[in-house]
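Scrolling down, you'll hit the structures one after another.
One chain, chain A, links the two complexes that follow: it is found with chain B in the first and with chain C in the second.
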Partner chain A sequence: MKGATETPQHTASTLVELVERGGAAIEGDAPSWLRDARAMAIERAAAIGLPAKTDEEWRYTDPKPLLEGQFSLPRPGAHEGDDPCEHMEIESAARIVFIDGRLAPEHCRLSGLPSGVEVSLVGTGEEADVEERLAPIVAQGIGGARDGLEALGAGLITGGVFVRVDAGVTLEKPIVVVFRAEDGSPVLSAPHITLIVGEGARASVIEDHQGSAGATGLTLGRSEVRVAKGAHAEHAMLQRESPGRHHVSTLRLIQDAESHFHSDRVLLGGAVTRNNIHATLQGESCEAVFNGLYTPEERQHHDSHIRVEHMAPGCNSRQYYRGILADRSRAVFTGRIYVKDVAQQTDAIQSNSNLLLSDAAHAVAKPQLEIYADDVRCTHGATSGQLDADAAFYLRARGVPERVAKLLLLQAFAGENIDRIENEALRTTVHALADDRLGAALERNT
Partner chain B sequence: MTTTPELQDWESQSYKYGFVSEVESDTIPPGLNEDVVRTISAKKGEPEWLTEWRLKAYRNWLTMREPEWQNVHYPKIDFQAISYYSAPKNTPKYESIDEVDPELLRTYERLGIPLEEQKRLAGVAVDAVFDSVSVATTFKKELAAAGVIFCSISEAAREHPELLKKYLGTVVPYNDNYYAALNSAVFTDGSFVFVPKGVACPMELSTYFRINAQATGQFERTLIIAEEKASVSYLEGCTAPMRDENQLHAAVVELVALDDAKIKYSTIQNWYPGDREGKGGIFNFVTKRGLCKGKRSHISWTQVETGSAITWKYPSCVLQGDDSVGEFYSVALSKGRQQIDSGTKMVHIGKNTRSNVVSKGISAQEGNNTYRGLVKIMRGAENARNYTQCDSMLMGNRCGAHTFPYIENANPTANVEHEATTSKVGEDQLFYLQQRGLNEEQAVSMIVNGFCREVFRELPMEFAVEATKLLEISLEGSVG
Partner chain C sequence: MHEPLLKIEGLCAEAGGVEILRGLDLEVKAGEVHSIMGPNGSGKSTLAKVLAGREGYEVTSGSVLFKGQDLLELEPDERAREGVFLAFQYPVEIPGVSNMQFLKESINAVRTHRGQEPLDTVGFLGELREKLAVVGMNEQLLQRSVNEDFSGGEKKRYEIVQMSLLEPSLCVLDETDSGLDIDALRVVSEGINRMRSPERAMVLVTHYQRLLNYVQPDIVHVMVGGRIAQSGGKELALQLEERGYADFTGVDDPAQQTNPQEASA
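== the complex of A and B ==
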């Protein structure tokens, strides 16, 4: 990726055009495996088609702005200059920073990792021999994509991180990866994160997607997580992109027996956001938690699509997604629990609650169960409504001013899911961000 | 649970209502084109506007694509292989039941609905649809005295064209969906009910449908109108004879409730489900929709679905009038290779509208049961309320239970709740009942009955008895 020759891919185009031009149009000096992956992704997208609003899975989210906006891939080379990122006060094992899709090497910290932990950079021109381990995962991601956009997200890879933790190794602190979009041309970045946790090992990754106020463009993110037997993995994503930038990210998870996984996804920013999770509980007696919070406002659109597949007996999964919708925003939640015939003793819960603060907000929920085994306990619940007037009255009767009472109730509603965030520093950050945001939303919506 | 004998299977149990009665039919050859549509209309002696309406629907149907999103699977239907009209031959309108073809009466008796007895029974009027034409209607006079019109839709086309023209297609338009368009073009019969202002229908109205002649799809069209402050309860039940060929049944039911009106529509569906390999059996693709047009109007759907190879329908309510109420209660049992994709749509348009949905799905053997529902709160639906509960019970690991609800809320004052659970017959429940001296079969039967109780209690009394019986028979040989 070194050298600054302007190839066609770096001029602005839409994803539709990119796919029409075909895989061969991808040129440049990226390593051959990466060129192959990109070509494969584009070919796959052409074969299965880019999503359309007529697709059942895109019924409530119009993919047009994602597909027809003009975006350009990041220019080759590294980012030089200041680090404008908003960093959380977090103790991390390593920190990697990408700005406008380009690695900012000066602001990364990769040293001092314990033995048995590998953190490699991907697609930055600096990777060593990561391709052998990564290429099959990327190919699998592209092959398993359910629509063309997901295929592109799985294979375009403008930069990313490959993390592997050997069996039995415990990495206490998280690896933090920051993706920042700055003002300027609308950049299409396709960050790719891989987290492979060996048998009995423990590790966590936190992705922080952020942008300056005026940034535009599109993030097509992909996170691949593999949790081996008895391992424990955590993955968190804080999406606080600028309101003018679109964000699509897909988490693909495969769990082996007796493993534990915890996902936190907080959606605050972005124009059109699509949050996909595709989890396969492959081994027996796994546990997985999918915790999510979205607080769209103005004209933001937050769409979460979660599919949890129980493929083996005795697994336990939880989906907790909550949303607070202000102004003219829209939110979509689609969750599916799939239980294969052999997956007896499955215990799965899915819950989605939405609070609407404004007349013009619109919430859609599709909590779904697809079950082929009989000895299971699967429940789902969905609610949609406004702040509990009785609770607000109770607080006011105790002398709490109305606005404070309402804010308290909002904080309590969101707090239930924020408190579930595993990493303490991230939890504190989200609490602060949510408080500001909800307070302001309340001002506007009363 | 797969190994316990009481839940093994029902294959030894043949379809109780499976026989073909030998009544000569006046059937037009298979195939569908504009001439067929015109022929049907002419045979029915319909006014011109209705013929034109049918043709409009047919032309629209030609431009539509067969839906593919459903969670049921079947071989492609050859619409040209179906005969679109079948009427028992020589069907004068009888004044007395004695004039009716004795073969036909025997058929009814085997079905358990002897008309002779029905007359004397608890005030239930029966408009028996044999294949596609009404051959006998009882209690007409008593209903007429109350001002209630209860007749076949063909009769309504001839005798009450102004009412039919005013309401037909207002709830389910001719171009609503693929099968509704087909129905609009070729419907041959069905019931028409009109309850005028302020009248509480003096008896429960009931129609027994029966598909008879081979390879004739049945396309009924039912229209029920309750004017201001009127109320009516309508019962629909069906059985069908055994055969090998898949049979398409694409009915349309429209309900209109004006201010303060109440319509209760109950269904027991027990058509031939096909054999153990899934061969034969009825395709039951129905569009049912009620419009709560007036303020404080009330529409309630109750269904017990145990038959058909495929059941695919969503009895729905459009809650247009302020303070209107929509209800949906359903028990759906799929066993053998039966497939069900059913549920409801509640569209809240008016203020203070309320809806209540209770769905109970039971899956056994290789049956697949899908609940698919929509709750849509429009922007103006201030203080709308919805509560949805859908529970599934699985017996064995070759069956499937699926829940696909859609919840769309565009009004912050609305409250929408959805709950669903999936479980099996609890070992502890079974143990408890057996310990009290019940055998395993009785215990399972009792648990299943308890599981469905919330729905059964919504049924009119006669139907509740029949439904409980039907469920027991369906689980016979395995669970008492």
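== the complex of A and C ==
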């Protein structure tokens, strides 16, 4: 293990200062391709600018706490000691654990993968030759970033995993990656996941972001998913970070023809959360499902920002996002469906519903359609309201106590999206987490 | 003489600032079946909702005693556990809550209140199968959501299933005959008749006489303008069937009497 002495890169600074100081600001022992990527990300962020509340895309989420909070990068070296993570009872093909941005090698399991499946570690000092496959994807992510924060997320990379499944190979069990924040001092971790699924292949990755009660700092995550012709890919993210930690993560998806993709994103924790999805359906006849649930409470802020681009004919996309808001929480849903002129026979649905448990909670829904083809079916619907009083009365009129009646209705509302989660173990975990959370929220919000 | 199961005195209630019940008196004894008939807007359904404790209906004066206790003090779920059952005119669809979950929560809340052991799944299914069979339903519905995609007739039959499962001491049936074809009406009536017992009372709120061909009431009340205008035996229902409510309202077409609050409720 390397020493934990303070070097310039581990001194706390804000993202604004980091960008102002420029690419040379991050030194250390990272491999050269990664140092280049970080420098490129910082330069790109400087060029296009960090987001401001005056930007249309950040109108309902003030980026200030993300940009002006003091964060330090993870100390070098691996994490040693116990595994403090909460693990799902899940059968995984491989498990990788990061704690406070550092790999925890003792708690990882990478052996026994079928042939045709590569799982490589990134940015941990232990990687082999992943750079030549990963560097172009990272560069593409930085180049395509729409604001400086996204550029930083695409290129800072404090650690991560590169998964590649060869054409025709089926990986039945998911790769599970756990990112755990333990440290009470504000750590900036930039986890980077890549999932490349070859032609006709099948694979899934589950990210579990979690933290101890007192953890602070910022997660700036990036997930790059490429789905080749006729392939099936699933990506799930469970965000159960500490209430004091901010979380920004971007899923960048590119799909080839006749491929299938399914995304589950569950936002439970965090202080300010920004959940970005940028999907490009570039081949014909793709299918993509974006399933999401958020349950902010207290003063949490959960913002989901989804852009689905139909670039070729005959693709289906579905956005299903639901939220239950308690206390003084805030939620934002912005979903854009973009249909290029050649993307005839596009079938796109977007639906967002919010349940407000308190008068002080506030939800914003901004559905956006941008359609340049004429033979398409695109629908969007957004609703926001309280629990159905008629339904609650009906249950109570049958003797069901008020709190149980309301909990049943909340579970039913959330359950529609939880039941859509592809992985059964994750689904069971989310059901249990949501039940506890909603039960407690009802206690406070009556 | 027994103390009445339900004793309503001088009940006045309003909804949305409009007075609907205007000094209603009613006594129902255990074992009796009462029918409350009346034109649209007379306050029949409001009475049913007030008894069940629906929000939005405010009792401004009067009293309701159920088994000697003040019913109006109780929350809707407490009333149900105490033995008041309202069969809804429009049973509510609840997507995502399965009938299995719903019925188990319901029966076990009532059983626990009565000091009985909660039923496990096997015991519950045993109880339920029998009740379902009476109205020609089967347990496949357990996996479906409450009332979701039920036909009008199924919803009404399902109300009877719930009623027989919970074994209430006072059954208030709000327009349970509305929207039923003749076969469904027969099935539902059979379910109601099976529930008649010396310990149980029923109040059938209905606009038409036809339910009463199948369920014979002991006492028929005519409700007009938020109070009971006349009470009598079942011959009163036949008289209403022949002559309408004009004798009570002074208007030939009962629809003219529609109170907008009631109609939309």
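By definition in this document, the second predicted complex is superposed on the first by the 440 of 446 C-alpha atoms of A that agree within 3 Å, B and C clash if a C-alpha of one lies under 4 Å from a C-alpha of the other, contacts with A are read in each partner's own complex, and residues count from 1 in each chain.
Note that contacts are C-beta pairs under 8 Å (C-beta built on N, C-alpha and C of every residue); 3 or more make two chains touch, one makes a residue touch a chain.
Predicted, not measured: the structure shown is a model, and the values here were computed from it.
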Touching partner for A:C378 - first (chain B), second (chain C), both, neither: first
Partner chain in contact with A:L409 - chain B first, chain C second, else both or neither: second
First, second, both or neither for A:P401, with chain B first and chain C second: second
Chain B versus chain C as contact partner of A:F393, first or second or both or neither: second
Chain B versus chain C as contact partner of A:T170, first or second or both or neither: neither
Comparing the two partners chain B and chain C, which touches a greater set of residues in chain A: B
Touched partner set for A:T11, first chain B, second chain C, both or neither: neither
Which superposed partner A:T446 touches (first chain B, second chain C, both, neither): neither
Chain C residues within the chain A interface of the complex: 52-55, 75-77, 79-81, 85-86, 88, 91-92, 94-97, 101-102, 105-107, 109-110, 113, 145-146, 162, 166
Chain A-facing residues of chain B, complex: 1-2, 69, 377, 379, 392, 394-424
Complex interface listing, chain A residues touching chain B: 56, 60, 341-342, 344, 354, 356-386
Chain C-facing residues of chain A, complex: 388-391, 393-402, 404-405, 408-409, 411-413, 415-416
